[in-house]
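Some structures are shown below for you to check.
Next, two complexes with subunit A in common: one pairs it with subunit B, the other with subunit C.
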Partner chain A sequence: MAEALAPRSPLAALADALAAVQAEGVTLAEQPARARLNLRLDPKDAEALTAAGAVLGGSLPRTPNTAATTVNGKTILWLGPDEWLVTGPAAEDAALEETLRGRLEGRHHALTDVSAMYATLALSGPRAREVLMKGCRLDLHPRAFAPGACVQTALARANVILHQAGDVPTYEITVRNSFAHYLGTWLLDAMAEYRPA
Partner chain B sequence: MRFRLKEGGRIDRTQRLRFTFNGQSYEGFAGDTLASALIANGTHLTSRSFKYHRPRGILTAGAEEPSALVQLGEGARTEPNLRATQVELYDGLTATGVNAWPSANCDFAAWTGRFAPLFPAGFYYKTFLWPASFWKSLYEPVIRRMAGLGRAPEAPDPDSYDKMNVHCDVLVVGGGPAGIAAALAAGEAGARVLLVDEQAALGGALLGLRHHVDGADGAAWAEAAANRLATMPEVRVLTRTTLFGYYDHNSLSALERRTDHLGPRAPAGTGRQRLWHIKAGRVVLATGAHERPLVFADNDRPGVMLASAAQRYVNHYAALPGERAVLFTNNDAAYEAAHDIVEAGGTVGAVVDCRPEPAAPLAPALKQAGVPLHIGSVIAATHGTKRVRSVTVAKLGEGGGPSSEQYRIYCDSVLASGGWNPAVHLFSQSAGKLAFEEARGIFLPGQATQAVEVTGAANGSFGLAGCLAEGAAAGARAAQAAGFGDGTAPPIPSSDAPEPGAITPYWLAPGQKPVGHGKAKHMVDHQDDVTAADIRLAAREGFRSVEHVKRYTTVGMGTDQGKTANVNGLAILADALGKTVPEVGFTTYRPPYTPVTFGALAGRDTGPLMDPLRRTAMHEWHEAEGAVFEPVGQWHRPWWYPKPGEDNHAAVARECRAVRDAVGILDASTLGKIDIKGPDAATLLDMIYTNAFSTLKVGRVRYGLMCGDDGMVFDDGTTARLGENHYLMTTTTGNAAHVLEWLEEWLQTEWPELKVYCTSVTEQWATVALAGPKARDVLAALAPDMALDTDSFPFMSVKEGTVAGVDARVFRISFTGELSFEINVPWHHGRHLWEALMEAGAAHGIAPYGTEAMHVLRAERGFIIVGQETDGTTTPHDLGMDWIVSKKKPDFLGKRAWSREDTRRDDRKQLVGILTDDPGTVLPEGTQLVDRPGRPPLPMIGHVTSSYASPALGRSIALALVKGGRGRKGETVHAAPESGFVPCKITEPVFYDSEGAKRDG
Partner chain C sequence: MLWIDCPWCGPRPETEFRYGGEAHIARPEPAATDDAAWADYLFMRTNPKGVHAERWMHREGCRRWFNALRDTVSNDVVAIYPMGAPRPDASGDEAGDD
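Our next item is the complex of A and B:
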């Protein structure tokens, strides 16, 4: 069955390089596969918002460029006024989709499984921000970009979803599969400067 | 180091550095620039000038240097046109002066100077006009070799460069007294501050002066300030960093030289230079001022330099400009340079002041030291060839000309000062207006258009006390504007510098003959060899606009952008035109302030990082199998998979045969996929496509054409109806993002009432096309639970099920004409599916095929490719695809455009097949078609859009767009490739299985 087969990461060809990376003040690691659902619904539809929030264990973030973590262990990334990316442990993939779909029955919405569409890299450490500054035009200073901030932006020459998941700082960089190898290579290159002597 | 002072200066005498300049070995100290080390060794001659190959020396001590340009380093690391005044010395440095062969000392082309009368302003517009063919073959190459500056390196750059993006509340540009004061004030208020300075250490002009701030030596005060700034967590100081570009919205760019000063000892892993992109809330420009040269006869001889430069060489680098200097000035401030030289133990032979009654505060002290003062006088001539040996000083007579009262004064250096120009370059780049101040003859920052404030000398405050006070106030104000502090400046440090004193603008000193007569040159632009006579000539020839004069004479057009030349040139032009300076106007400063290496602009975007190479889930399999890749957008798709000994033709032919005779597989993951959901999904698709999708049954698939509102085809693909309100659209590879934007644009701007959401799922699914008569057998082995017979799984339908143990969507569609299944599985299982299919197909002779075979197969079957058979001017009707244009739908995109007369013409280019009379000739794609051979020009009737050797037909085939082509089937036309005319016949654009008998296997 499908579940029995281990998914192959789009970063598989970089696995050795990622495992070997050493840099002072910053770490880079691919995150395990996770369930991802793209959810579209009308933010004026209070009933739909409530229904989705009930399933997810917390309300959908309405503040632009933020993410919310729910009591059910889901992280919901705001992607647009009527678009969210719901993420959770990989095992919940199908069940979560089914429950949500059931609760939103009859409300105009679109729930799309995009679990296999992305890779996520976590960049963490006191120098993580400096690494990102090499390729990201946004202001990532703590006064402007704090834990919970989540943006869709360009990192080097790839579009990414950039989510600050912790105040170390830790950034989760979600990138479409086809760009993952490029972006991983770019990040490793940007970190090379901090290789221990 | 004959001219090195025994003590003083800010160099490190414990670190002796060896270097080579123009082939000769020298020594200097750590802390030297190349220029200061040369001066300490008594060498002023550095290079030859751009046009006349005149000997040139060191004029300045900073970024404004127009003439001491050097070629630094050798081989791949060589860099041309660097200012010796900004090159920090390192052990083992090698450099040569530019534009000299074999050397600056003995320059072969110096004869050009003797023919100077032949090269007046704009000479290349006047000569070399005839014969025209000589320009490219003779004149230009020779002029390029003769004129010009350094040589670009020819080998790939071994260094690395990167970029950094930074945001700040307050950006302070310039680390002199004003900039330091501004940064301290803003930093203390708590703002995020970025301070950028081009020198190795903060201090700016203080480093070249002997003044004190808060009781401490100026440099020591600057160092203490730097230490204080370093303790502020939100303050970042970048030294050795030149802010070179000021763009809209307070976006600025700076170049940081990270390891240039270390030469070969640069640590591995650190990029050589870094480009900073800065977004600033407020900008404080504390960019200082450049001293203005005086324009006098032969003022470009080595040994002639700016007074402040000499002062800096003495105070900062402990290097005397020579044995005996003469100061020529129009202002009080420059007396300080002579005074400092005397204080340091040097000799000043005379002070020449063009003002009739100067009252410089330092004049008595100089007199007491035995320095003669020549007031109301000018330097009317300089003597010497590769170094000034003496000057002729002339008392000015009535009317401003030289009187007969003249003296010859022996000297080996001339210090000249025409006053100071505020460095308003960045302010001007920011689109700020400049205002001319008559009294001092300077351009000051006027009306700003961005959130910027100019402070200190850049604002015309040339006194130290004023710089410190203005800077602190500006920093506090900028911080307040960004929301920090109350705008109150911190206490202003005290200083002991005198006020700058009086100045009388003086633009052109008379020589012994009238300007432009005789051999003497009044040099205005030292880099481009533009003289006062050239500017006057331009005025006489009718040039009135300063922009035209700039381009005609090239004044200010060198790599220095005329930092020392522009204001003098402008004043001389205004005088020649009988106008005031503001009436003549001013040219615009443009980025970069000083030149920027291409390497820094490229950053890491080189080699494998130049552009993302998009990879499918099966990419590494393709690589391992030796696939040759074809770039399609940013994707790399397998083009063909050559076996040992096969060329591309053999590989493609074999892949085509495998599909026609057995089975092949293609990685089709790159096709765009858009998930469309909502009660109005069908309505949206009916508007977007030319044909109807509301009538499509659930579980079925339909091919559709998409047109722009101009009626021209812009994308095609199949769309499946997965549920009543759920469709899956596919797009061409290159158009995936564009189509999604197209849908969103219509939904958001024109049809917001439609309840439908579109989500890209291109990379959720890995897609494999399994094609060929054996395709069903292969799939059956992997999908035992799926009924694959034609009745259960008809052409143009979709099924969900399990393939190779993975949840899959299978579409029965075909782009080859053969029985074909497109199998979609989640991306992460794409490689697994591919390998399972290869294994299951092995017994059937399965072969992977690339995009070239795909193209051949679809062309045999007459299927179009958007972008190949279409070019943005092709309608569905032109393609003979009227069958796909709905006649029932009331409206859809493109429909209205087809009622235009132009889209209904009979002689539009229409899609046809082309068969060459010689079956072995494969026409190049793009070949033009004509009715009959002849001598060009011939009327062109169309062009070949696709052309291949077809293995299935055993001959060449082509598709073409031909005017009125549909009515010309059977006619002979001629293709016109470069090799000659090729007769061919117009046919139906389908060559293989036109009945579609093969699609069910």
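Our next item is the complex of A and C:
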């Protein structure tokens, strides 16, 4: 008999450690499951861009290394010149995919539901930047990396999508499931020096 | 650490990239090519001392391919240009820095 499988976070094994973490000036938490759609469009197809923007409530960011938040509560991360990651509340997953697919019908595009492929960790606080700097080679200074910046890079050798969601600073680190436990463990270790005495 | 200027993402460390070998090698039509010419296409490379045209891919970033001119003596990246574009003129940079 078919058995319904309950969704399980790839960070489930770290849940206790994440709940117990104490550090001064930096917090780490797994973000609740969310809808993630990988959208590829020809950037020269203005009508397709407009159609996708109308569904999402804001235009797709065209500037490399940026993200946009729309009036519909979606966050659109720039992944490449013709590729975006659309994220939104998990409950809207199927509906969003269907609506987008309907609006892009007949246009050259690719839309893939990748919700279950990633986990997202939020690293926040005045010392969040210092923690990231231990494993990221990019310049994260505010003059180079401000709220709204979004890059794909390596963090502690794991491939991540790093999005600065707030100026606290708050970073959202989206990582593939298979690297999530490793990266979570690495972040906990990197935060250890800020543990209160 | 060599920094490579990804045409989309900007300067990124070399470790984010994948090297794709020499650029501008046209694949001959297999049926109309003899073994010697096919072997030449498969295996023989120019291997210059100086400016070399090569393909790179930003593996950990935007995952797009592009061409680069790199000086094999100084390891300077002389030019970055899109796939499909002809090799730009790199005169004046041939000798490298050292």
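What we mean here is this: the second predicted complex is superposed on the first by the 191 of 197 C-alpha atoms of A that agree within 3 Å, B and C clash if a C-alpha of one lies under 4 Å from a C-alpha of the other, contacts with A are read in each partner's own complex, and residues count from 1 in each chain.
Just so it is clear, a residue touches a chain if its C-beta (ideal position, glycine included) is under 8 Å from a C-beta of that chain, and two chains touch if they have at least 3 such contacts.
In this text the structure is predicted, and so the values were computed from the model without any measurement.
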Partner chain in contact with A:R137 - subunit B first, subunit C second, else both or neither: both
Contacts of A:R8 with subunit B and subunit C, given as first, second, both or neither: first
Touching partner for A:R62 - first (subunit B), second (subunit C), both, neither: neither
First (subunit B), second (subunit C), both or neither touched by A:R101: neither
Subunit B versus subunit C, judged by how many residues of subunit A each one touches: B
First (subunit B), second (subunit C), both or neither touched by A:V151: second
First, second, both or neither for A:L79, with subunit B first and subunit C second: second
Shared subunit A surface residues [contacts with subunit B and with subunit C]: 137-138
Subunit C partner contacts - residues on subunit A that touch it in the complex: 64-65, 79-81, 83, 137-138, 151-154, 159
Touching residues on subunit B, where the partner in the complex is subunit A: 162-167, 192, 269-271, 277, 279, 604-605, 608-609, 611-617, 619-620, 635, 675, 677-679, 755, 757, 759, 761, 763-765, 802, 805-807, 826-832
Complex contacts: residues of subunit C adjacent to subunit A: 1, 8-10, 12-13, 15-16, 60-64
For the subunit A and subunit B complex, residues of the former touching the latter: 1-2, 4-5, 7-10, 12-13, 33, 38, 40, 82, 108-110, 112-118, 130, 133-139, 141, 143-144, 156-158, 176-179, 181-183, 185-186, 189-190, 192-193, 195
